[in-house]
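As written, the chain order gives the labels A, B, C and D, with residue 1 at the start of each chain.
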Amino acid sequence: MPDSPSSPVTRIARHTREAIYVREANLVDDLIGKLTFTEMIYFQLMGRRPTAAQTRILDAVLVTLMEHGLTPSVIATRMVYDSCPEAIQAAVAAGLLAVGSTFVGTMEGCAALIEEIRAAPEGEAARARAIAERHRGAKLPLPGFGHPLHKPDDPRSPRLLQLAEDAGLAGNHIRALRALAAQVDSVYGRHITINATGAVAALLGEIEIPPAVMRGIAVVSRSAGLVGHIREEQLDPAARHMWRLIDEQLPYRADPAE
Amino acid sequence: MPDSPSSPVTRIARHTREAIYVREANLVDDLIGKLTFTEMIYFQLMGRRPTAAQTRILDAVLVTLMEHGLTPSVIATRMVYDSCPEAIQAAVAAGLLAVGSTFVGTMEGCAALIEEIRAAPEGEAARARAIAERHRGAKLPLPGFGHPLHKPDDPRSPRLLQLAEDAGLAGNHIRALRALAAQVDSVYGRHITINATGAVAALLGEIEIPPAVMRGIAVVSRSAGLVGHIREEQLDPAARHMWRLIDEQLPYRADPAE
Amino acid sequence: MPDSPSSPVTRIARHTREAIYVREANLVDDLIGKLTFTEMIYFQLMGRRPTAAQTRILDAVLVTLMEHGLTPSVIATRMVYDSCPEAIQAAVAAGLLAVGSTFVGTMEGCAALIEEIRAAPEGEAARARAIAERHRGAKLPLPGFGHPLHKPDDPRSPRLLQLAEDAGLAGNHIRALRALAAQVDSVYGRHITINATGAVAALLGEIEIPPAVMRGIAVVSRSAGLVGHIREEQLDPAARHMWRLIDEQLPYRADPAE
Amino acid sequence: MPDSPSSPVTRIARHTREAIYVREANLVDDLIGKLTFTEMIYFQLMGRRPTAAQTRILDAVLVTLMEHGLTPSVIATRMVYDSCPEAIQAAVAAGLLAVGSTFVGTMEGCAALIEEIRAAPEGEAARARAIAERHRGAKLPLPGFGHPLHKPDDPRSPRLLQLAEDAGLAGNHIRALRALAAQVDSVYGRHITINATGAVAALLGEIEIPPAVMRGIAVVSRSAGLVGHIREEQLDPAARHMWRLIDEQLPYRADPAE
């Protein structure tokens, strides 16, 4: 009997008095001390153990996305930590709420373009060119390309792509992304870097993470980054200084409407 | 010149046009492809690379805490995912808000008892006995001990403690926890299990994670667990069924006060 | 000199040692004890005091959206409260994260349709018919119409529309919504109710709340609803029972892929 | 049969196909258009309609707590809004997470002192003096007293206390707070202002809001304040400027430990 919507199940975990099972593996006998955290993340998400190459790529992605200084996400976390130090999970949650469409969400947009190129019956180069022209014509931002700070290239992207190519994965997603990058430079008439979220979209595609949950990988990585900032806030508090900077340097002006 | 409260700094990350540095390591050259995610978590949090033994223990802790079925945290995540599928970071954040004092927070309480035992001038056994008697006398819950489901023993704890002992760490925190466990059984007159948060408190102490940020390790691990549940909700939705169960089986009754 | 993007300001509040000003009104002299909470909400959001009719409508909307039983939002709040009772703001935040696109977000979609009808050069009825046909043809959900439980009519909608008509507002948004409702019944060949979010979209339009921030009104109202559920959880705990229901009645099944 | 823990109920709301009931009142017939939002908040929370005096005081409290400029809470909201503009509930949630122990939580601490004074068998003045001496001796912060900015007096407090006295409430909580204030000035040898959270604690006590849920009133009020800041961010974006201020003016320094 198929699982109808009226009788859903969970396939992730069950427990008895003596044991906990995650996807049929015994947590104590088969997972603790046997899998790295990265392998366990893949196992929890995908229902199967990763290969060594998949683990290597997932590690690289998780290391890449953890930290980029005093970002909006970090600022939100530090504001909440200072206001509620007894519940550090709330500070992490506040920062994770900033892992949204503006920055990280471009990963999914880039993954969709990669899928579109890979599925194009007319060939990858032709579709890549069409995508570049379509975005340029409509003055749309091209997800996965460009970086406000890192020029001419986001240093993370070539490293990530090289790692994936060296790891011996199929390489279809990376090839599609490189095809797009070539057409982007041609159509826009200047070099536009593949940024880190673009490279990550290709790498997560290579290791079979579905686009609909790619942002979750960023969320896990960022959660660790934010815990690091909470620890720094415990040792060297900066939140009050941040607040003072904003309070003093962002002036009030009377609303002309009143 | 010392850093006064009026001139705080960050010691975590900086960036230039060409590079990103995390704690003076070049992200691209020194970290991506060189460190596992677990090593990077330790590096981000502690400002130094972990030893192989520390990495092994941190991996074991992160694997242990990720998943325990349809917990309140998972239920919160699934409710929010169903209501707002376009922002999965919000669903993860909602679940993380449940990583609070009731369940995971006992880790910090147990770490404090371990510290108390280790620092006791009268000897560890004497202080362990005093702690057990103090909690029993005041009918206080003993953080890190007991489990509503897993009896007689939480299966995760012996595995975790054994792993740490095999890893060749100093063992001071584990010895203090074992001393407490022995006195607890004696004072209460029955066996009370060291639970997973108790064992984790000892292990994180062994690898020098400060108690004030231990909960953050659980938050990182749980964030990955919650992403797995979001993926399951995408494939096999259960949130509406959970809602219906509660709506149908938790009856309304008129308030006697009205 | 115009405010350039590089020199932003705030127009909401400022403070001195002796006073706090909100949009040039003295909080102590002009607002506390002078404005109701509802009037203050409008003042904070819009930068001007509401008329009596606007206040009456905003009150009706805020009363309407507060409570609808054990919804996903309430379930999330109760799960987090039970896990972290010392930080009730976290429990409210978790529940508010469920005020997303699935349920409340249809308000904005309906507001967009109302705007489209009002701006149509070919006349409101013609555009309303085109909208109904467009949604029916594409089998798209029609935001603001239909309700899974309340049939044939969502009881809140006629009451809200009547209140707004009685309040002496211009009525343009309500007229457009009623025009759409008439065409919907005609095009679909059956009566489909205007639901509460549809009526609220029209009412908030009447009192000049911009669609981009309409969801915020629901958030404020729901926050009060959730505090009520936290209070009930303090007096008559139900979260553990909800958890048990789900744990017992949502079965585990092994993943066929493993 | 009493409600055992194993058969919990909800007393808040129920619904049929035709109607929604909140605490036995018909939402459509009895509440929408009949109660103000403030009256509905009290009804939802307390299970009974407020008196006119109670409504007046609750309005004053809700108006008072809504807005105080670019606070940590507002900064968190603006950071998240800029990163995820499609889900404004997430931005509000992030800001509410900052309604924690550091600032607003002192309300509950002050309410506990008021309760202690009111219940003291030796008389209110004696207990108030003992409390002041106890806090001064232990160098503990005195919840509800002092303000970093507003000196010599928080302007909100005398206004709130006066309003409550004029409203004809019993006045027991206010009398206890005033008794404490008198002893504080005497014991500390200087005037220390009753701050807004102190006055609010007394007012909410007067209208019978239990201390365990007082913070929820602040959460509701702040949620409206935060929606106002989201609207300003839509019209006059400032989040990027805040980010730039912090990124530029909070310097990186190498960790001496590395």
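The criterion applied here is as follows: contacts are C-beta pairs under 8 Å (C-beta built on N, C-alpha and C of every residue); 3 or more make two chains touch, one makes a residue touch a chain.
These numbers were taken from a predicted model, which means no experiment stands behind them.
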- Task: Show which chains lie in contact with subunit A and also with subunit B.
- Result: C, D
- Between C-D and A-D, the pair with more C-beta contacts: C-D
- Task: Using mean Cα positions as chain centres, tell me which chain lies farthest from subunit B.
- Result: C
- Interchain centroid distance [CA atoms averaged], subunit A/subunit D, Å: 37
- Message: Could you work out how far the Cα centre of subunit A sits from that of subunit C, in whole Å?
- Response: 31
- Please compute the C-alpha centroid of subunit C, do the same for subunit D, then give the distance between them in whole Å. 23
- Touching at least 2 other chains, the residues of subunit C are 3, 8-14, 69-70, 84, 86-87, 89-90, 93-94, 97-101, 238, 241, 250, 252
- Query: What part of subunit B is in contact with subunit D in the complex they form?
  - Reply: 3, 8-14, 23-24, 47-48, 84, 86-87, 89-90, 93, 250-255, 257-258
- Query: Residues of subunit D touching subunit C in their complex?
  - Reply: 3, 5-15, 17-20, 22, 27-28, 31-33, 35-38, 40-41, 44-45, 56, 58-60, 62-64, 66-70, 87-90, 92-94, 96-101, 149-151, 155-156, 159-160, 163, 210, 212-213, 215-217, 219-221, 223-225, 227-232, 234, 236-238, 240-241
- Along subunit C, where are the residues that touch subunit B in the complex? 69-73, 75-76, 79-80, 82-87, 90-91, 93-94, 97-103, 105, 238-239, 241-243, 245-247, 249-250, 252
